[in-house]
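Two complexes, one shared chain (subunit A), two partners (subunit B, subunit C).
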Partner chain A sequence: MPDIHSRTLGHRERLRALLTNPRYLMVYATIGIFLLIYLFGALLYGSKGFTSVRTFMLFFSDNAYIGISAVGMTLVLITGGIDLSVAAVASLTGMIIAYGTTVLGLHPLVCILIALLAGVGLGALMGACIQYLNVPPFITTLTGMFFARGVTSLISRESISIKHSMIDALAGFKIYLTWPNAQGEWVKIKPVASIDLNTIAFLVVIVIGAIILQRTRFGRNVYAIGGNEQSASLMGLPVARTKVLVYSFNGLCSVLAGIAYVLYVKSGWNLSLQGAELDVISACVIGGVMLSGGVGYMFGTLFGVLLKATIPAIITFNGAMNSWWAKIFTSVLLLLFIMIQRAVIASSQRTRRK
Partner chain B sequence: MKKAIASGNFLRSKLFWAIVAELLILLVGFILRPDFLSIQLRTLSDGTTVLFGTPVDILNRASEITIIAMGMTLVIALGGTDISVGALVAVSGAIALKFLRWDVLVYNTPGDYTVQPFYLVILLPLLACTLMGLFNGALIGKLKIQPIIATLILMVGGRGIAQIVTDGKQFTTQYTPFKFIGNGSILGLPLPIIITLVVVLGVMLFVRRTSFGMFVESVGINPNASRVSGLKSGTIILIAYVLTGFLSGISGLIYASRISSNDSNNAGLGYEMDAILAVVIGGTSMTGGKFSLTGTVVGSLIIRTITTLVLYFGVVSEAIMAFKALIIAVVIVLQSEPVRNAISRRRDRIRTQMGGEARA
Partner chain C sequence: MSDIILEMRGMEISFPGVKALDQVDFTLRRGEVHALLGENGAGKSTLIKVLTGVHRPDAGTMLLSGQPIRPGSTQEAQKMGISTVYQEVNLCHNLTVAENIFIGRQPMKRGRIDWKTINRRARELMLRMGMDIDVTQPLSAYSIAIQQMASIARAVDINAQVLILDEPTSSLDDNEVVNLFAVMRELKAQGLGIIFITHFLDQVFAVSDRLTVLRNGRLVGEYEAGAISKLELVTNMVGKDMNVIYNLQKAPRPDEAPVVLEASGIGIPGKVEDISLNIRKGELLGFAGLLGSGRTETAEMLFGVVPVHQGSISIGEEPLSLRAPLDAIRRGMAFCPEDRKRDGIIGDLSIRENIALAVQATRGFMHPLPQKEQQELAQRFIKLLSIATPDADKKVGELSGGNQQKVILARWMATNPDLLILDEPTRGIDIGAKAEIQRLMLEMCKEGRSVIFISSELDEIIRCANRIIVMRDLAKAAEVDGDTCTQADILAIIANEGEGEEAAV
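Up next is the complex of A and B:
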């Protein structure tokens, strides 16, 4: 069947089909609005360096921990669930690494291993609770969040800064972007821009997430459960296993996000990342993931994170505005996107009725 | 036989388990510290007599959550959630303090006066929160947007609004009538408890004496069937969110009055979580349908009792969350469908066995 399909459609038709496919409409909306806001920033603050490669790379490295966590969250949201514990688990990871290396004198890798066990274990436990005990995801993960935050506070209430050669080396790792000058020598571009480890991790995790979602049986099961859990289970898909795995994977992403955050701030604090779970969820929603489940793409999430990153950047470049405006603009964006979602759903229902 | 069925239902009821949990927690407190349950009447230096003691303190400190949870119960019974209430608490306090203190002398006087008329200081925050509730309700009831996401907008934006109202500043006030809301007492009973009682009774009367409660349950169980049979489900949803917004405003005034200040960053932080937990522990299902306002009050008291108990034994305040999580996890697992069914099935089996023996 796919063969006939590709033979009858030429390249141009296929491109048109891709562009007008209503499934991708929300992702296009996200990309379009990102470009619009970026253009807006470029027109206003282009002379101050808003359009520089450096600023663009900072979108990635400053928001890597949000992005990494958003990958796991996208999967959870597509199954129709929600996970409020991500920021707390990331904060716990930071605390385990900080306390382990500086107070207990453990090797960072050992600490990361402990954090992985804790994060993935908690994720699996929450998934099992949601699946087998029928407790709503909101309540389960809320309890998980309380638990992780509480344990973090029990370990230490003070901010611990991390001094370890390996963490320093990882955090300091940078690939400077270069280009050839008139003499053909490779020199650093000005202003200096670089790709750090967090940016690489962010992009790698996004790509892995996209492959899992689009190219594996597991990914298809995730969409099927989000579309209609009952039908999925009647079709004989492994609903229970998939759901527990999704929450475990999200736990893994939270730990990775925590590691990225540690590399970003080089400290652990029990109050760090407070409310970041909302940043992650709103990045996914802006990226076109529907909270009702069944719809969402990693590509959309990537642009959701970038779009959310441009707003504080514009406010910083403005300089005169209170940083609280960022919150208000983000909420306006959220409103805009759920309106678009609403319109897309309404129009698809109308076409179905025809 | 009839009695056996009734008690079987009783064991299946979540409210029963919630009350058992509350009593158990109180018992633990009493065993660990015998003065945990004592109440005394003390006379303050200014001649007023006030009730003192941990139970009074639990009731007093539970008021903010209990008030919000009343509205939240209806919202959850309708199959929704409102996660913006914490931000609304911050907005309420910010507006109140803005009208109490916004003058040139703001940093030179203790502020034992009010700049705007006092009724405005009370009414405008309530009005603002009601309007925000209307915004939530319109998105969810009329535009049919998912509740979590619709209220996420104000949860993110609300604290921003609170900061902008007060220009990012924190004001303090010494105006006695305002401080009375959270710190005063009438006939020995702290005022927040009285406000809570009024709110709880008011909502209960509104819900059970009119047909509103029935409409809520009907829409919560099946919105489409309710709409087809002539209920304006959108309007019912709208009213529930408006009510929750209004109640968050009251809660915000109590909080601001307690600390005699506005704190846009920390006021109402995590209230949405506590309120939702109070409702769920109280036996209202997150999937909507039947609700229990009494259960919600018990749920709110459970949360506050845990907090008080843990604080009593000198655990750092941030770590309370871990204990809360553990105890709530136990309550939720006990209440979850499979476990409850298993317990009552076992009961039934034992009873039928015993009945059989007696008959033999």
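Up next is the complex of A and C:
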């Protein structure tokens, strides 16, 4: 029997192989640029509190709804699809909860259940249209977006604030970060920093997403479909089921994102989250997910969201700059990442020719 | 009876306007390589598609190990033990080699995918095929040969009883073919039945135990590989005598005719160096040499696909600077590229649109070719090149390889070129279509056009060319006379690394 273990690597080699693996290049680029920009902010505004734990935790809690939605979007993008309906579904979720609790007097859990049915149902329906009617994902989900926005406006065109003890409790939930002082007692760190429910939800959904992608057959089928749908089908993989499930899962993530947004703003409004689907998509792209499908990692998406959160934070700390500069910097960043992606593709094609 | 794995009896299937299979029988025994032969459109692909559940037959029975089967999809066929490895490897390039072998049936551990076992077992499987590679690299990092082995490894590991290899060798070099054959022999020793489809007749005899020949959707016969000669086989495939097909009249060498194109010392550092050549009106210039010897690169320089860094090209008396293929097209040149799937045909467009494409390009988009003229153009070439199609509006992607090649040829012939460059125009197509394309090239020369013909098959170059340029190691090794040289002469030049002998022109 040939020596199979001759290629088993030591720890150091394995680490080097991991770090030089071209498959993770995009993720490394994201992390590297995140660190660079963070360092830049730290140098300029470190004294104003940019480097505080509090600021860092705000990256998570202020962007949790984008991050949760980005998990589902990552799956959709890896299959080679796109979903433009996520923000509209999240907004619909907010409206269902706000109208349900404030106007109809329903329990928030009932409203959430209704929103889940609506969001996952719409996702499954869109997935089925894409798979069985062969409608391009762009058009299908654009239709879904208009539909969800329309239904939201039909429910109400006013901003409805939410007053319910459960929502207040969930939104107010905080784990304060503490550290031991000189006397060995655990005290709150200064400035006060905390982990709220949205941050926890964001991180949990990211981890679940990563496990789905890397450790389940469903997740690997998602990659295979994005790599070559025809091959995936010829290899006997359940392409149709997987695609419908991916859009349903994204519907679920949209509803979860909507709940996170409700906890963040404690109201529902038909015009909320306008254009947020593009924030979600761009966070994924900055995180190294390729719009052409087949490539992407949850870890990258996490840093994509953080990177997108850092830029407005720096603008805010600057104080003098117009907040629209954040958009301009984000666009520059997107351009940069798209160019890196092209370079990665080109170099991998060059190695294949050898 | 027990040594028969697969039996197909009286298979029939019709498509609109064609009877694709008519009473075809096919028998595959355990532990044999069975070649399925026939020209394009003979029904090989259709038979395979019936077997793998892509098409439902109108009539006939299929027995797998004595049990009647009726697969409704590729997946179903795969579950029954019938696996196919296609010419274009049908795996996912973004996944690792190991994952491609195991996807959809990954070993699980505590509800999660067990990557360690996948990588270890994939490595074992690839080693057994003589491939000592890192299976954790993406499939795209490896050559077609290795990708194909991964594809075979997957099929075999799924517990295939019947393995179909559809044109597996057309993208492989000689060593890779030898290795593939070794694997095929190993697999048949394990008791698999292998159906081998190829256009290379030498390979058929090298590896097959038995042959089945189809022609026009009918069974011609089943033969023992040792009991039939190559000539008989070809005669059976085309239904005509081979000598009749190859009765080609080479045009006389036009030594007095004016030079239409001259290149002196052209090259791209690191790619091809210092190529000088000329071609006369009405001449057929052959380009011989191994794959990767610089033949294609030279052709691409002549046509302006890649910019020329050194040397100069002139057409007639006029020096020429080519910035893009369109410049070359406007000067009366045409180029059929090597990879027709990638650079040539546009599969989703109709035959008519594909043929009109180059003519349209020379006119510019402001002057669209009227629909009626397009139709006439298409009809004329369908007839002239005998492209097998019900009408000009069929999508090119649905045609067979040989017919696709003819469509590309038609596209460029329609521009009425003075100089036509054909890069491997006969690769992957059957003998009948090959002979037809060779005949067309010679006819174009007789009309006073010039042709540069690039091919890996020396016999067809010698059969057609007036002069032959032999390429070796990214440079011109020699120029020989097409009328007097032999295959052995050219092989000697290709093989001889040391001296650059310049044979008499």
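FYI, the second predicted complex is superposed on the first by the 347 of 354 C-alpha atoms of A that agree within 3 Å, B and C clash if a C-alpha of one lies under 4 Å from a C-alpha of the other, contacts with A are read in each partner's own complex, and residues count from 1 in each chain.
The criterion applied here is as follows: contacts are C-beta pairs under 8 Å (C-beta built on N, C-alpha and C of every residue); 3 or more make two chains touch, one makes a residue touch a chain.
Since the structure is predicted, the reported quantities are computational estimates derived from the model, not experimental observations.
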| item | value |
| --- | --- |
| Partner chain in contact with A:T178 - subunit B first, subunit C second, else both or neither | neither |
| Touching partner for A:W325 - first (subunit B), second (subunit C), both, neither | first |
| Partner chain in contact with A:T20 - subunit B first, subunit C second, else both or neither | neither |
| Which of subunit B and subunit C A:S347 touches, first, second, both or neither | neither |
| Which of subunit B and subunit C A:S161 touches, first, second, both or neither | neither |
| Which of subunit B and subunit C A:T216 touches, first, second, both or neither | second |
| Per-residue touch tally on subunit A - higher for subunit B or for subunit C | B |
| Set intersection of subunit A contacts, subunit C complex versus subunit B complex | none |
| Footprint of subunit C on subunit A - complex, ascending | 2, 4, 7, 23, 211, 214-217, 220-221, 223-224, 226-228, 230-237, 294-295, 348, 351-352 |
| Complex interface listing, subunit B residues touching subunit A | 81, 139, 143-146, 148-150, 152-157, 159-161, 163-164, 167-168, 273, 276-277, 280, 286-287, 316, 318-326, 328-329, 332-333, 336-339 |
| Subunit B partner contacts - residues on subunit A that touch it in the complex | 82, 129, 132-136, 138-140, 142-147, 149-151, 153-154, 157, 270-271, 278, 281-282, 285, 291-292, 322, 324-328, 330-332, 334-335, 338-339, 342 |
| Sites on subunit C touched by subunit A in the complex | 74-75, 78-79, 84, 86, 90-95, 99, 103-104, 106, 112-113, 120, 123-124, 127, 134, 138, 140-142, 154 |
